[in-house]
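Shared between the two complexes below is chain A, which has chain B as its partner in the first and chain C in the second.
What follows is the complex of A and B.
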């Protein structure tokens, strides 16, 4: 088990180091989420109040995650490194877990900028809303990493990925928006926890079949 | 499989007979609904179609699981065909649901009908299945990826249903209920016959499509063998 965790940590560290050197993904995600929030300011009528803004925050977060996910497997597919990883004497699910952790780190970094910006520009966020963002981000990255590995095997992967990802993200949007605006956010947070558990286990177990021939 | 299967022709004729019987029962045996009138008759078609769509998705996922467990490639075509039939019946569910909504509530679409919203989500999900499948080169990789995606579908159905139930709390505080008065015996009998008929129609279509697709694949193999 220690060996497994060491593999996961090595794979996640590799992605973070690559990002620190090349800066391919994170600056794009940060700029994208801020630009989206500015667009939403002009898309909302002045009289709309706070509630529609909470919904739009989730549109911004889902599409920012999508932007990160569309580049998630680029280093592996570009030089055929994925074949090497699959052949390495380690559990294949460690590849998925390492990638999920790296993607989650990027999304969390984007949210650390986006959420204060949202609170400043639109409406305040309470503890339940933040917990909803945290739980939903976990689900977005867990499922997103798996479907983007599927899309990486397909022609036109940039086009396919949103089609695969958005139907799976709908329950997370429901949970996240509900946690933000509902009077009793506990049910929505519990639902997000359930989603994370179900789909994380499913993705963890299924990843091997997606990358092996 | 050790269970002997009925011949396709016999099955098709039996299905046609039961479908005819179900239409007769819907109009002559089941009483007209006192609340919704004649438009309630679509219930006997709409609900069995929806159940058949679920059966198609479920069968597709089961065959996908078998594929991943046994690595036997014939399950790939079976899983794909079942998902295909499920999607066709899913579209029919959306169409009949829209007609029923128009007849009883006066609108073609309502976000407060949880079942219809669920089918819309599933429709999007399974359309992406076909996009994914047809953009990967045929082979073992495509079989595995399609199978994993089909398995995700059966996990998504209950999770989405729960999500839509939760969402209706904050999007629409009031919920329509379709529960009219309790079904009478004749209504229930008509419903069951109609359910059986539509399930059989789905199964016959599944068998026919599978036979066609298998012939197609065999023909392609023969052509490739001859071209060499």
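What follows is the complex of A and C.
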């Protein structure tokens, strides 16, 4: 188990190192999420109230995640590094888990900027809404990392990734919005937790079949 | 397809067929490679050399037939058409990552020794993206040799190497580790005549 976690840590650290150096993904995510919230601020009528704003927050977060996921496997496809990882004796699920952790770190960094901006421009976020964001982000990254690996190996990946990812993200949007606006956020949080557990296990188990012919 | 100098098996390929859609890349291929042998795979462009090597290392699965390799992933070294490196990481960072994944003992010493031997020590902190193709190929060889593999599979390893690089590669193959099995795909099998124990000629389709 220690060896497995050491592999995951080495792989996640590598992704953070690459991002710190190339700055390909996180600045784009930050700019996108802020720009989207600003546009929504002017697009939403003042009389609309808070509830539609929570929906718009989730539109911004899902597409920010999609932006990050579209770049997630670029370092591995540039010079065949994914083959190098697949050949290494590490468990192949460690590749998925390391990438999921790195993607989640980028999304969390974008959210650290986006959520105060949302509170400033639209409405305050309570503890349940924040818990919803945290749980849904975990699900977005877990399932998104798997489908982005599938898309990375395909032609027309820019089209395939949203086609695969967005339908799988819809339950997370429902759960995230529900946790933000419902009188009883507990059942939405429980739903998000269940989604995360099921799809994380499925992605973890399926990854090996995605990266081998 | 013809196989010369067959003997007992460490790699066993039986009735191997590989298709991509309607295109058959390899058909009815059978051969054995004993431990310590050097198999040179040759043939014209499009004859399936790269596909065969990817099948041997487990990066592709056969359509029909079987590939049995009596060496697990931790003892397998592979140099492909691509470097399998992270271009935005330095040579040291790349080798350190792979060293960790392969659980290489005395990792730093081993990395230093390989970078010295392959003439990359002075460029160890440079990003791979700034390397010439020859330097990248040298680093790809370092990555493949880092864990002292028992089976070394090389796809056109001479590509982009200068005379010094070719010399280092041939020295490595000649010195080899005791009992190391080597499979090399090349357009220039004459370079490896002295080391070759088997030759596999793949035909044009």
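Quick note on the criterion: the second predicted complex is superposed on the first by the 213 of 213 C-alpha atoms of A that agree within 3 Å, B and C clash if a C-alpha of one lies under 4 Å from a C-alpha of the other, contacts with A are read in each partner's own complex, and residues count from 1 in each chain.
The rule is short, and it goes like this: a contact is a pair of C-beta atoms (placed from the backbone, for glycine too) under 8 Å apart; a residue touches a chain by one contact, two chains touch by 3 or more.
Nothing here was measured: the structure is a model prediction, and the numbers come from that model.
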Touching partner for A:22 - first (chain B), second (chain C), both, neither: second
Partner chain(s) touched by A:154 [first = chain B, second = chain C, both, neither]: first
Touching partner for A:164 - first (chain B), second (chain C), both, neither: first
Broader residue contact with chain A after superposition on the shared chain, chain B or chain C: B
Touching partner for A:43 - first (chain B), second (chain C), both, neither: neither
Partner chain(s) touched by A:213 [first = chain B, second = chain C, both, neither]: both
First, second, both or neither for A:197, with chain B first and chain C second: neither
Partner chain(s) touched by A:31 [first = chain B, second = chain C, both, neither]: neither
Partner chain in contact with A:88 - chain B first, chain C second, else both or neither: second
Chain A residues contacted in one complex by chain B, in the other by chain C: 212-213
Residues of chain A defined as touching chain C within the complex: 3, 6-7, 10-11, 14, 17-18, 21-22, 75, 78-81, 83-90, 212-213
Contacting residues of chain A [partner chain B, same complex]: 146, 150-151, 153-156, 160, 163-164, 166-168, 170-171, 174-175, 177-178, 181-182, 187-188, 191, 194-195, 198-199, 202, 206, 209-210, 212-213
Chain A-facing residues of chain C, complex: 54, 57-61, 72-74, 76, 78, 80-89, 93, 97-98, 100-103, 127-128, 143
Sites on chain B touched by chain A in the complex: 68, 121-122, 124-125, 127-128, 131-132, 135-136, 139-141, 144-145, 147-149, 151-152, 155-156, 159-160, 162-164, 166-167, 169-170
